[in-house]
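Shared between the two complexes below is subunit A, which pairs with subunit B and subunit C, respectively.
Entry: the complex of A and B
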C-alpha cells in the first residue's frame, strides 16, 4: 500500500478543478431530524462545498450507485413477428466520495457476490469498474454502529483512495493505479514520521471508541440452535413487513424481475427491482403457496442471510454493522438488540 | 399487434361519473406521451371527458365517484346489467372516499351546512361495492395513470393483474425520501398498499392511506409506534377515516 498526505485545500481543488467534468457524488445534507440531527444522503454535487466529509453516516447506503432500486436489464423491440434485444450497461464515469469503512466493506462484499462469484453480473461490474471510490475514515464511531464487531471498521481494499483527517491534512491510502494517477494531479507529499504517528493514534482512538458491540464468532451456530427460539416471535410481532431495513442496507441485494410492456405494445422491458425478504410475498411461489407467511419467519431469514448463510458461502457475515436498518426501522428492530436477545436465551 | 403470438383484446370501455371530483377521470387523460396509445388500446364506448361517443354496448365499465343519491343507485344498477366487468375507479368508488366523512354527521345538518336553505337530495355515502358487485377496484385519490395503463395491458392480453402486497414504505424508500416519522410527522405508509410511488411522503404530507390497506398489515405494531412517537389516538383515527379505506380499523 502507498501512503501519502495532502493538504485539505488540495482535495477541494481536486474536485473543483480536476474532476469538474465528471459526475461526483458525496454526502449532502437533505434534512434535519426531529431531534436536530443532520440527515445525509449520497447525492450528486457540483461544488465541493455542497458536501460534508465530516458527516456521521448517510441515511441511505451507497449501494444505489451499484445496485439501483430499479434497473432495466434489457429491452425487447418487436418487429414483424420477431424481436431484437437491446442491453445497456452503465458506463459513464462517476466519482463517489465520503464512503466510510462500513460502506467500502459493503462494496467488497457485494463484489464477492456480483463480480467474483460463479455468475458475475455485467450490470454491477460495469458500474463498479467505472466508479472511482474515495473513502474516509470515521473520526469517532457513529452513535449506533457496530462495524467493529463484524470486522468492517477497517478497510484494506475496495477503494481507489482512502482518507483520514489528521488535522490540517488528509492521510491518504492509495488503493489502485488510477487512484495514484488522480492523486498525482494535486501533488501529494510523502508521509513524515509525525504524520504516521498521528494517523496511527487517531486510528487507535477510533477503534477503541466503540460502545455498541455484539459477539459474532459463534453466531452461525447459535442461529442454527435457536431456530425455534421465542425471540423471533417477540421481534416478529413488531415487524411491519415494510422492507425499509433492506432498502437502506448497504449489502441487501435481493430483487425481483418483471416484464413491462409499453403502452403501444411495441416493446417490452425486463426490469429488476430490489425487494426485501421481509415483504409478505417474498417466498411466494407458483400456485400461490407462501413458504414464509409469518412475519417472524421472514424477519428471521433476513438475519439468517446476514449472519449465517453468507458466512457459509463466504466465511464472513454479510452485515457490516452500520445499523442503518435499525435506524430506519420504525419498530426499532436492530441487529444489536435482536442478536443479544438471542444470545441471552439460555 | 401480436405479442408472443397472442392477439390482444381491445376491450370496449365506458367511463361513468358519480359523486366525486372527477379527478380520477382527469388522471385518465393525463400522461400525454402515452395518451394516444392508451386510447388506441381500448375501444372507447362512452366517456364524457374525452369523447362524444355514447354507446350502451361495453364490456368494461369504469365507475368513478361514490354513491350518494337514490337515482345514482338506479343508474349504477343499469350499468352493472350492461357491463361484463365493473371497475371501481378511485378511492370514492372503492371506499366512499373523502365523501364518506359526511356519514359521521347528521345528514340534515350536513345538508344545511353545504346548501343552506336550498337543501338537495342526499343519502349516506356508499362505496360502489355496497350497491352492486364490483369485479376490480383501482384505489387512489387520484388513481395512478401508470397503474391503469398496466391494468389495461394485462386485460388486453388476458393476463392476471395483481397489486403490490407490500406497503408504501418500499416505494418511499426507493425514492430516497427521509421518513416522515424521522421528522416528527405522521404517515400511514407502513400499513397502506403501495403502487402510487409514494408521492405524499415525498411531498412532506405523509401518507393518508388513500389506497387502503396493504396485505396483512401489522396494525397493532403500527398503533404502538404512533403512540410511542406521541401521536394521539384521535390523530391516527382521523387519518384512517379520511378516505374510508380502513373501515372498522381504529386505534384504541
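Entry: the complex of A and C
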C-alpha cells in the first residue's frame, strides 16, 4: 500500500477546486440532540465547510448511496398488448467522504454479497465503481460502538483514500490507482519517519480506548445452542417490529420487490425497496401463512443473520459494531446487551 | 475542466455483453431481464389450478433456456408482479415450458384471468434440482400430495422418458377429494405405461370414486422396497412430506436419499433479498430441493 501525507488545507482545496463539478457527499450536521450533541448524516454538499470530518458518527449509514431505499429495477413499457423491458443502471460519479472504518468494512461486506458472490449485481457494481470513497479513521472510539469486537475497527481495502488526522496533516492510505491520481492533484508528500510514528501512536491510542465489547468468539455456536433460549422472548417482547434497526444498519440489505403501474397504464415500474426482517410480513406467503409470526422469531432471525448466517457464508459476522441499530431503537434493544445476555445464559 | 474521475460503464463489462444465461450463476448479467414468453395454451385442471403452456418468443432464448427437474422460474406478469413457480414439464422438450399455477393471490389471480396469446416474462431457472443421474439404476418412489404434483411432474416425466434407466417405479398421488386431483386426464396414459405402479388416493371420496381412500402413507403399506436401492422424491405440504419421509425412514430408506421441495417467500431467486431464508439457508440457492436430512437440520421450523 502507498502512504502519503497531505496538508489539511489541501483537502479543502481538493473538494472546492478539483472536485467542484462532481456530486460530493459527506457528514453534515443536521440537528442538535436534546443532550447537546451534534447529529450528523451523509448528505450532498457544495462547499467543504459544510461538512465536519471530526463527526462522531452519522445516524444513518452510507449504504443508501449503494443500496438506495427505493430503486427501479426495470420498467415495462406497454404497447398494443405487448411490452418491452427497459433496464438502467446509475452511472453518475459521486464522491463519498468521511466514512469511518465501520462504514468501509460494511461496504466490503456488501461487496461480498452484491459484487462477488453468486449473481453479482450490476445495479450495485455500477454504483460502487462510480463512487470515489474517502474514509477517515476515528480519533477515539465512539461512545457506543463495538467495532473492535467484530474486527471492523481497522480497514485494509474497500476505499480509494483513507485518512488519519495526525495534527496539522492527514496521513493518507492510498487504496486505488484512481485514488493516487486524485491525490496527486494536491501534491502529497512522502511520509517522514516522524509522521509514521505519529500515525502509529494515534492508532494505538485509538485501539486502546475501546470500552464497549462483546465476546464474539464461539458466538455462532452459542447462537445455535441457544436457539430456544428465553432471552429471545425477553427482547422480542420489547421489540416494536418497526424495522428502524435494519434501515439504519450499514450492512442490512434485504428487500422486497413490487410493481407500480403509471396512472395512464402506459408503463409499470418494478421497484426494489429495502425491507426489514423485523417487519411482520417479511416471511408471509400467499394464503396469509407466516413463517415467522412471533416478534421474537423475527428479532432472533436478524441477530442470527448478523452473527451466524453470514459467518457461515463468508467466515465473518455481518455486523460491524457501529451500534446505529441500538441508537435508532425506541425499545432500547442493542447488540451489546442482547448478545451479552445470550452469552451469560447458563 | 478535464474529468478528474472516469465514468464506469457496467454494461460494457465482458460478462454483461454475453447473452443472458441464469445457469451461469457467477457471471454478472442483466439479472432483472426476463425472457419474453407467450402463453400458447391454458388448460383448466381444477377450480383453483390451471396449467399454462408457454413458448419463448425469441429463438435464442429458447435454445439457451435449459433446466433440471426440480428447478423453478420467476414468472413475471408485467404490471402485477413476479412469483416463483416450479417448472412442471420435461426438461427434454425445448419448445414449451409448462407451469401449473394455483390461484392464490394478486399475481396468480391475474394470471388466471390471462388469455392465450398474452406475453409474460421468465427469469431463471433458479435453485437446486432432484439428483436424477444418481437415482438411475435404483428403485424410485415419486410421491405427491395436492399441488405437490406440480413440482413432481418434471422428475416424473424424466423418469418416464428414461424408464429403462430405473428399476421399480412407484408413483403415488394423494388429494383431499376427487375434485382436487390435478392432471386427471393423464392418469390413463400413465397407467398404461408398462411397469409403472401408479396409485391415486383421496381422503374424502365421492360416489363415483372407486380407488383407494385414506392418507397417502396408506399406499406405502402395500409395497415392498429394498431400502438400500431406493430413492424417493416427496412433494407436498410440510405435514404431508414429514409423515411420508418418516414412514420411509422407518422402512429403512436413508434420509439423504429422500428429496423434498420447500416453499418460502421469494423476491429475487438469487440469494439477495433474504426473504426465502430458513435460519441461514437460502431456499432459492441451497433449495428448493433439499434432501430430508438437510431439512431436518434446518435451524427454523419447517
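One rule holds for everything that comes next: the second predicted complex is superposed on the first by the 346 of 346 C-alpha atoms of A that agree within 3 Å, B and C clash if a C-alpha of one lies under 4 Å from a C-alpha of the other, contacts with A are read in each partner's own complex, and residues count from 1 in each chain.
Everything below uses one rule, namely that a residue touches a chain if its C-beta (ideal position, glycine included) is under 8 Å from a C-beta of that chain, and two chains touch if they have at least 3 such contacts.
None of the values given here were measured: they were computed from a predicted structure.
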{"item": "First, second, both or neither for A:234, with subunit B first and subunit C second", "value": "neither"}
{"item": "Which of subunit B and subunit C A:200 touches, first, second, both or neither", "value": "neither"}
{"item": "Subunit B versus subunit C as contact partner of A:261, first or second or both or neither", "value": "both"}
{"item": "Touching partner for A:41 - first (subunit B), second (subunit C), both, neither", "value": "first"}
{"item": "Which of subunit B and subunit C A:78 touches, first, second, both or neither", "value": "both"}
{"item": "Subunit B versus subunit C as contact partner of A:140, first or second or both or neither", "value": "neither"}
{"item": "First (subunit B), second (subunit C), both or neither touched by A:215", "value": "neither"}
{"item": "Partner chain in contact with A:22 - subunit B first, subunit C second, else both or neither", "value": "second"}
{"item": "Touching partner for A:70 - first (subunit B), second (subunit C), both, neither", "value": "first"}
{"item": "Footprint overlap on subunit A, comparing subunit B with subunit C", "value": "78, 81, 261, 268"}
{"item": "Touch list for subunit A against partner subunit B, complex", "value": "30-34, 39, 41, 59-60, 64, 69-70, 78, 81, 237-244, 247-248, 260-266, 268, 273-274, 276, 279-281, 295, 328, 330-331"}
{"item": "Residue ranges of subunit B touching subunit A (in the complex, touch as defined)", "value": "1-3, 8, 34, 37-38, 40-41, 149-150, 153, 156, 165-167, 169-170, 173-174, 176, 178-179, 181-184, 189-191, 214-218, 220-222, 224-225"}
{"item": "Residue numbers on subunit A that touch subunit C, as the complex places them", "value": "18-22, 73-74, 76, 78, 81-83, 85, 87, 89, 91, 93, 95, 113-114, 117-122, 125-126, 129-130, 132, 178, 181-182, 185, 224, 227, 253-259, 261, 268, 270, 275, 277, 282-287, 291-292, 297, 301, 304-305, 308-310, 312-313"}
{"item": "Residues of subunit C that touch subunit A when the two form their complex", "value": "1, 4-11, 13, 15-16, 25-34, 78-82, 104-105, 108, 117-119, 121, 263-265, 267-268, 270-275, 277-280, 285, 299-301"}
